[in-house]
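Before I ask anything, let me first share the structure, which is written out below as structure tokens.
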């Protein structure tokens, strides 16, 4: 339907798409500007790679070191914070590691390792996966000693990993937005939350048109400007699922 | 040629007299239509135990269709066929064997074709081997036993088909132009085999275009034209003093390519 | 199912795109695969066995790999980037065509070869030229080839890996049934995913019904 | 039966005298082995323009294989075949038509089978329609024109195959037991058609098992046994005073089923 | 390719699991699909046309849907949860079997039907029973059926959607070539993904070569 209209292409991650944020946010922007935003939601690595190849005008992911490298390598114009949410650890109701209610994520992870309770890791170098690995090292625990037994690398996206975690009664690290929007919770629930180290920052980058002339940097910049503007930030804050706010705008 | 004789000795004494021979198969008002074409119609026919019935008629008269009807391969659209007194059922082919006008060979060796037919009829072990060997000899195909059946020459295939049918020891043998592509010697040999089978009590229904063959082999003759029975009766009367024009014309070699069938 | 029912317009958009992409891909695959299969099935030439081998192997072409290859071709930094085809239905058609053509070719090779065994000598005797031979074989084998084409359709309509990569599953632009199913699955909405799967099967049923009806009519007509 | 006469009038005047007829096809030391089996060997043969050559021999002698070799359907393992003075090449079948022992019908109607053959040989439009209609009449199949060719009776298929071959107007006609499953009248008619084609200049090579037919039609006779040429020559000499034992035995109907071929 | 070379042990583990899962699934699919296809191809029975339709439609069964259905069956809260099969190679074999069986059945139905047209009357005349008939048809069509089986193998070996869901792509447990390719793709390591794809095609090539060699030998033996 958008044939006659201008559009930009955004490379983003499956977890962001699965949260439903884009379905809320993008129509508001399109209404306002007449620009459609087309989202390709893939793994973080793939999103960055696609953007490097020039197959996108905007990169919108949550993996700060990779984003900064992307800009440093000249693929992006500049990186801006947009919003954050937080990671949580979800687990089965019977809580075999006995970590429910803990607010110290490293302690919780150590408990999981000690109890050899099954933990489903994304294992796909995504933003969430990298955050998880940082937490394990903060807990001074090497999960890879349990690789193949209690530490399971699913090598899949967030949703698939949650399906697997639910399917085999495993713990998993996920972002709150995905979890709230997730439909196959069964008797899984959030067991650990609230640790400041679980902070999850989203950043947005306009792809550098000097690398790829087809990049619509002007239109992309319009979107970025809007998303970090008062309007855009409010729209983000207004997105709620089951009464809960999923993302917290924090653009400077 | 003693093979068929050894194959079936049971009935060999009581070659039954024509007049009192009990009916083995009876067709009443038999008809067959396929997709609106009436290929065969109004056929009344009695095949008597131990007799040789020869079916004659021009190309396209319905001879092969009739054989298929009797053998239970085509469903009758009209009328009935009684086989040993009972309507043709799932066991229509029990005790029967048919040699098709165009022999169908499995994609296997000559010997495997024989073995398959024998296995299906329940022959096992040495008995099967014996019968297969006998059939090979009968067909004169010993030297080709291991050759794929489908590369055999036309005549060799025809001989294999006949041997395969005889090997299982049927009570009723339906032969559709079995010697059409045989050399004169093989034809003579097959005729002799048919004679022997007949002598040992096998009932035979045979289609042929060869007048001489009909004269040599037929006890009874059935003459078809345009799907109808033009005439039928003992060979002696029918072939020598036919009543119908059709048979007379055919015997004179005057019955030319059939005219368009009248539509139903 | 009520979920599906309440989703009318978006669903029909997705269904139509699915059909458009799949049928186009199958059509192009047949244009290439049927003559190719018939050629390899009917002619003896040096390299024929390797050709058969390759066609058979390519039936196992992984969709993700095909997706990646087409992506790298069509990507802005790829050789055909200027065409701007990435993340369009055209890209999805290309990917599915690459995937389905070997299936159509390999299976029709077998069908045509079986028929040609019967026709070969007669055709040579009649002086049938290569092109006429292929056309006649394809025509006379058409009823058996229908099953081959339906196998190709089945592969295309169910395919998700390749179209996901080159189409991007962009809402209102390149979202088809299979990518929608994958999305709902990753959202954990398994019921909706299954319901969509059912709809997809219904579409396949419909296409098969149409094909079988046409086939039946044609078979009857070819008799008369 | 005027159809063939009208079909080919070009050469009808100059029916060529046997002695001086130029060779149309020549085989020298011709042999064919398949998978180690020597099916045909050491065949020297001259087919003269405008003559009727009849190939005789028992089942499995290699008659059909020989016809395939002459027609360029099988590659010669030994020796050569010259067609109009040139070795058989890609155009081997130009100007030739063959009727196979087992007719191959396309999965199409009778008429479509004729049209296909004509189209392939370049006939278009009204000329094609005329020839197709003529062929239908020739085969006596007008009333079956729209029927699928593969459901025709055995004899009808054979007639269609002959008509299909004649329709394209070949210079050389190879016939493999063309009347094997024809009724007597159809046989007579096909023989007449062959005679007419011959009269109009077509060269004919024909396999048959029918001694009478050989006598009626043959100018030259070739007798094969076990893949070898047992004897060949003018029909008058060969059929009446054969030199070889094989031919004598065959003529007497004594030549029984071939013994195992000696392996190469 | 050096990436692949340096990855020796992990790779061989994945390759072996891929082969194990795929070959098992194809084997079971043939056990079910070939006789089923032959039955529908050879016998006339009420409901035959619907049966053919269903088999043809099921060739378009979407892998993700199959994955979900098997997932729901095998999941802890599903009817067969007690077996604890989810996220094991067995689950993957089940899912692929569901996917491949209709392909084998539908295609072999066509092959067997074509052959049976020729054999039918002869078999009935000989009194060939149903079981013997099916066995004989499958045996005599075996060379054509090989292509059908290879098509099934191609589908199974390339399949990712179903095994991803029921296997979970768990490192050292259920990771196979296709899920590894998908993983590398999602990581953006397209080169490694393509290299793995190449390895997968090599595996398919190998399997096809073995099959073709066996076929060639058998064809020669069946002649002698």
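By letter and in written order, the chains are A, B, C, D and E; residue numbering begins at 1 in each of them.
Everything below uses one rule, namely that contacts are C-beta pairs under 8 Å (C-beta built on N, C-alpha and C of every residue); 3 or more make two chains touch, one makes a residue touch a chain.
Fair warning: this is a prediction, and the values are worked out from it, not measured in the lab.
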Output for shared partners of chain C and chain D reads none
Taking each chain's centre as the mean of its CA atoms, the one lying farthest from the centre of chain D is chain A
Leading the contact tally is the pair C-E
Between chain B and chain C, the Cα-mean centres are separated in Å by 50
So, in whole Å, the Cα centroid of chain A is separated from that of chain C by 35
Note: chain D sits from chain A at a C-alpha centroid distance in Å of 81
Contacts with two or more other chains occur in chain E at residues 71, 165, 182, 185, 190, 223
Within chain D, the set of residues that touch 2 or more other chains is none
So chain A residues touching two or more other chains come to 42, 50, 157, 160, 163, 166
Every chain pair meeting the touch definition is listed as A-C, A-E, B-D, B-E, C-D, C-E
So, in the complex, the side of chain E touching chain B is made of residues 118-119, 121-122, 124-129, 132, 136, 140, 222-224
As the complex stands, chain B meets chain E at residues 68, 71-73, 93-94, 96-98, 100, 104, 106-109, 116-117, 119-121, 146, 148, 168
Listed in rising order, chain A residues that touch chain E in their complex are 42-50, 123-126, 147-148, 152-157, 160, 163-164, 166-169, 186
Residue set of chain C touching chain E in the complex reads 49, 52-53, 56-65, 67-69, 71-72, 103, 106-107, 109-111, 114, 144, 147-148, 150-151, 153-155, 157-158, 160-161, 165, 177-178, 181-182, 185, 190, 193-194, 197-198, 200-201, 204-205, 208-209, 212
Given the complex, residues on chain A that touch chain C span 1-2, 9, 14, 17-18, 23, 38-42, 50, 53-55, 157-160, 162-163, 166, 181-185, 212, 214-215
